[in-house]
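Could you have a look at this structure, given as structure tokens, before my questions?
A, B, C and D are the chain letters, set down in written order, and residue numbers restart from 1 in every chain.
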């Protein structure tokens, strides 16, 4: 790790890191991290949907003992925050996933390590797992061309101490980005001809197979449709990440703040829900909790902080977010994330699936 | 045909052709192709309405064998894409309708040749009809001043190998554009005094007459009102193109993405529906299919590609669109256009006619 | 009258006159004519509300004999267009109300002469009344400080040949604009202390009194609330002009396109409705007719044309509007203004009063 | 007090003072007064929500005797206007709260003095209380660290002649603004470590205690949730200020124009409601009255006037607002604030709590 870097002056919130990152990053890396599918409708809609929700606070309630702690997959964690899986963080900073992982750990946030990590998963896990007060340590994966290759990854993740697997299911057809090819990275699914790709696209059968092969809890990432969420609940999966991949895979998808409550209505308490997409404020986190999320994943804003000031930047960004969440809880009269319910948003969004 | 031209660098989607076309085209031609009635409300609303729809994908479904093929008027075609009828393509490129027709054919897209084609219909038809893997070859017409003149056109179209007639019914009163008069073109309806024009405006009787005079399937283009769609279904027409003429004939018309589902609700499966207006993305095509269209017509974006790089440009644009559609189908868990239904859009738009 | 002036090149619609007028007019006159109350919300909302309505045309209907004629107060007129009452037109052009009146007459449009006309009402009436093919000739008035003074105006209007009186009722408290004071004008209500003004503000009793004093039909201008419209119908008034005074009297009023259908629902056919506010397109006129108006008043756009090119400009503007209306009727499959009903707008705006 | 200052030319409404204030104020003071939490969503939404409401006036009603007088806490006052509690007005003008208090008094408006006043409360009260024709004189407070310290303030306020206490309840956790620390001010709650702050955050018990300790009417400021309003009514509080603290405490709160009618529906006439947030027009005041407010608090716009021209500026701003309100009442056919009801807004906003 490089020595700790200085946080630029004037950073008051996560968004303040973005212009700094733009200056620091090579244009190709910037383009890669900020890429959005199509016309960027989904990426913008993600943010707009959080902004459109309104918090209806309660006043004068006792706040002593207020905490951001949550329960997730049978354990308590300090915050409902996780760093989202993002590929190739060496493009952002030479300390890459190690910096982000440690930053998350010291702030009580979790890490979902990308299968396309710049660093070997074992290196990251070893540094993170022993940090006290850390958040969850999960491993994100795609199904690879052969089940054998996938299993090999799973075994390594189990051995390295990862506590859950997060299978990304919303990118069945992905054109590798030029920047990805130029960087020595953990290989994602190899490019292939389109019909081949389609024939090998993962299905529910593959999920069931994977579930049978590991004792780690298995979550799916990239679910938007409540009918899929129901299928996942029936299959006994450990959790869902409601996500549109930050608007990177297909444009015109619903914002996650719209999909989340419909999925929550569809599956009730059958399995814990997480959500990502456009979350960059403590009030966004609180809105997500009120809509039924147990925790949230934060992506690009952490990359901006990482690119700007390495581990120190990422830790600072997570600290800002955690403080904003604490203040938002207090101002709304809530003592914990678990107390945030749909009534916090005033008129509940129209319920019912689809 | 001129030798194949180079595609400019950096073209990633159809919209990227527009600035190139603006540079290449004479201002009068640009104005003619981009013209919109009134304040351009309908033209802008067309695009906004596609963007407002959201796709609710299903994940983990088997995708082997995914294809963009459709069935239309009793035959199977490679894609649900057709080049819209656009007059005077010589204003865009010297290869004119021949270039667009061949580009469409090699990409499995159809061609609806404008009655105001720069080139004789026979020239275009001869080149297109023998291409293998092509899409439908249709002829667009207005009713001319005398039924005899109209019939003469119909007979030529039949003889040339066109497979259907598309009668435009949303331009009963049209002031010829200056650019049209300056170009040696297939004559549209001759200018006349306004009361004469009105007295001769085509009616349902004319449609019935035309239907009786030809064995070619007859479609109407320019229908927005579900009540008109019902009348067309009752008359046994072969199909409808839901269209507001790209916003060129009257301003303040509903966007076609709003009219389409209402028409689909009104006529059910009685006759196939097509749609145009603002479609420039694979996700737009998929949304149209989900709303009840069997296929879509693409207009100005193809002209931009044609103006920029002739047949190569138009073929490239159609290829981009087809690839975008393939990826959109896959990401939504669909294996064919026929599988796209209203549920793909989440909450179905309010049904019911008018 | 000055010799006819040239229409500037490139004028395709009424809005094209606005920049020319801005150049021609003294800043104080421009400010006066364009003035809006408060933050201009109502003035902008007027336009936005017409734009938000959509026309759902019918196709293939017989159009022979299409005409813009209407019936109003027992007579037939060539168009549903009237020039709105606007004060002090000498600020716009030296030919003032005479130019606008003649322009309207030659285009079959009506004139509502402002009580604050720059020219004596008799001069304008004499020139207009004898024009064949003209529209209605009405006189707008405020109730003056004494009933005697008001009656004197009414008698002059009767004698001069005005065919109806239009009592403005939405400006009970008006601060005279500086520009008004600087111009030798027909006096409006004299300035007075505010309590005096309020004590003398006209009431329904004054309306009843005025009704009893004249045989001319009496219309009210400035009604927005359906409950007021009902009261007017009960009192047997001859008509209503649904108006928010072009957004000049109070800000935050509903746009007239929103108030009109609610008033139409409240009074049915009890009395004819007219409307003004933001109408500058033939499609706006058609939308107003569809919402229940018998005719429309056009204000500022005609002043812009008058300022730009005097009588020729105003006549040209009205001709453009009439032609746009004719084409809009034809494209929607209608042969007369009377055929335009709520169904033309697709889903009818929510009915019911208030 | 400094000699009366000149009002700049061209001030027609409160918003016209803003650019002058920006020039006069030190950047840190400007930042402090204009500060908004988070991304400023609530601050902007406050204004947008007033603008979105529409007034449906009645015409031809008798207006003699029109007055802006209201009844509040058992007394009649000249206007429904109060200056909102704002800290540290010396940052805006050397005459500070004295200037604003006197300006309010001469215009018949009330003053809610901030606990963080630059001047001792006794100085302000002495100057204001003896003005004839003044509005209410209230004292805003936070609960301090010790009840004893709070009581000391209450006793001083009682002795100084304040007529009610306004307890701010929406800022349980506040980071002191740098500008606040740099100015010798009445101390607000001292900074403390976050868990301490939370443990000491005021609760309903504290409110009940305070109620028992003073004979002054006690109002709560910062209530948005109708359920809290019901609790306040049950506790017999004297009134509520519906407020989101001008968007300064937490972002993403509902605009007060949305919260107000829901609270009015929840508590009926049980206690009088006041409202602040984005009010800067007479029509805003009238809309607030129609939604159920008895009076309104105006904040930043008065600070802008104070900064620009001291007491004269603030008095002028209040005079403009009062005149705008008078005209709005008259144009809507109302003779007093008490006549303004929900029907004035046309379709009533959806009722029901939450």
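Convention: a contact is a pair of C-beta atoms (placed from the backbone, for glycine too) under 8 Å apart; a residue touches a chain by one contact, two chains touch by 3 or more.
Nothing here was measured: the structure is a model prediction, and the numbers come from that model.
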Same or different interface residues for chain B and chain C, judged by whether over half of the residue numbers are used by both? different
I'd like to verify one number: the distance from the centre of chain B to the centre of chain D, where each centre is the average of its C-alpha atoms, in whole angstrom. 59
If you average the Cα atoms of chain B and of chain C to get two centres, how far apart are those centres in Å? 42
Measuring from the mean C-alpha position of chain A to the mean C-alpha position of chain D, what distance in angstrom results? 42
Taking all chains into account, which pairs touch? A-B, A-D, B-C, C-D
Note: in the complex, chain A contacts chain D through residues 13, 15, 51, 53-66, 281, 283, 287, 324, 326-328, 330-332, 343, 346-347
Chain A residues within the chain B interface of the complex: 38-39, 41, 45, 169-173, 194-195, 198-199, 201-204, 206-207, 220, 222-225, 227-228, 249-254, 258-259, 354
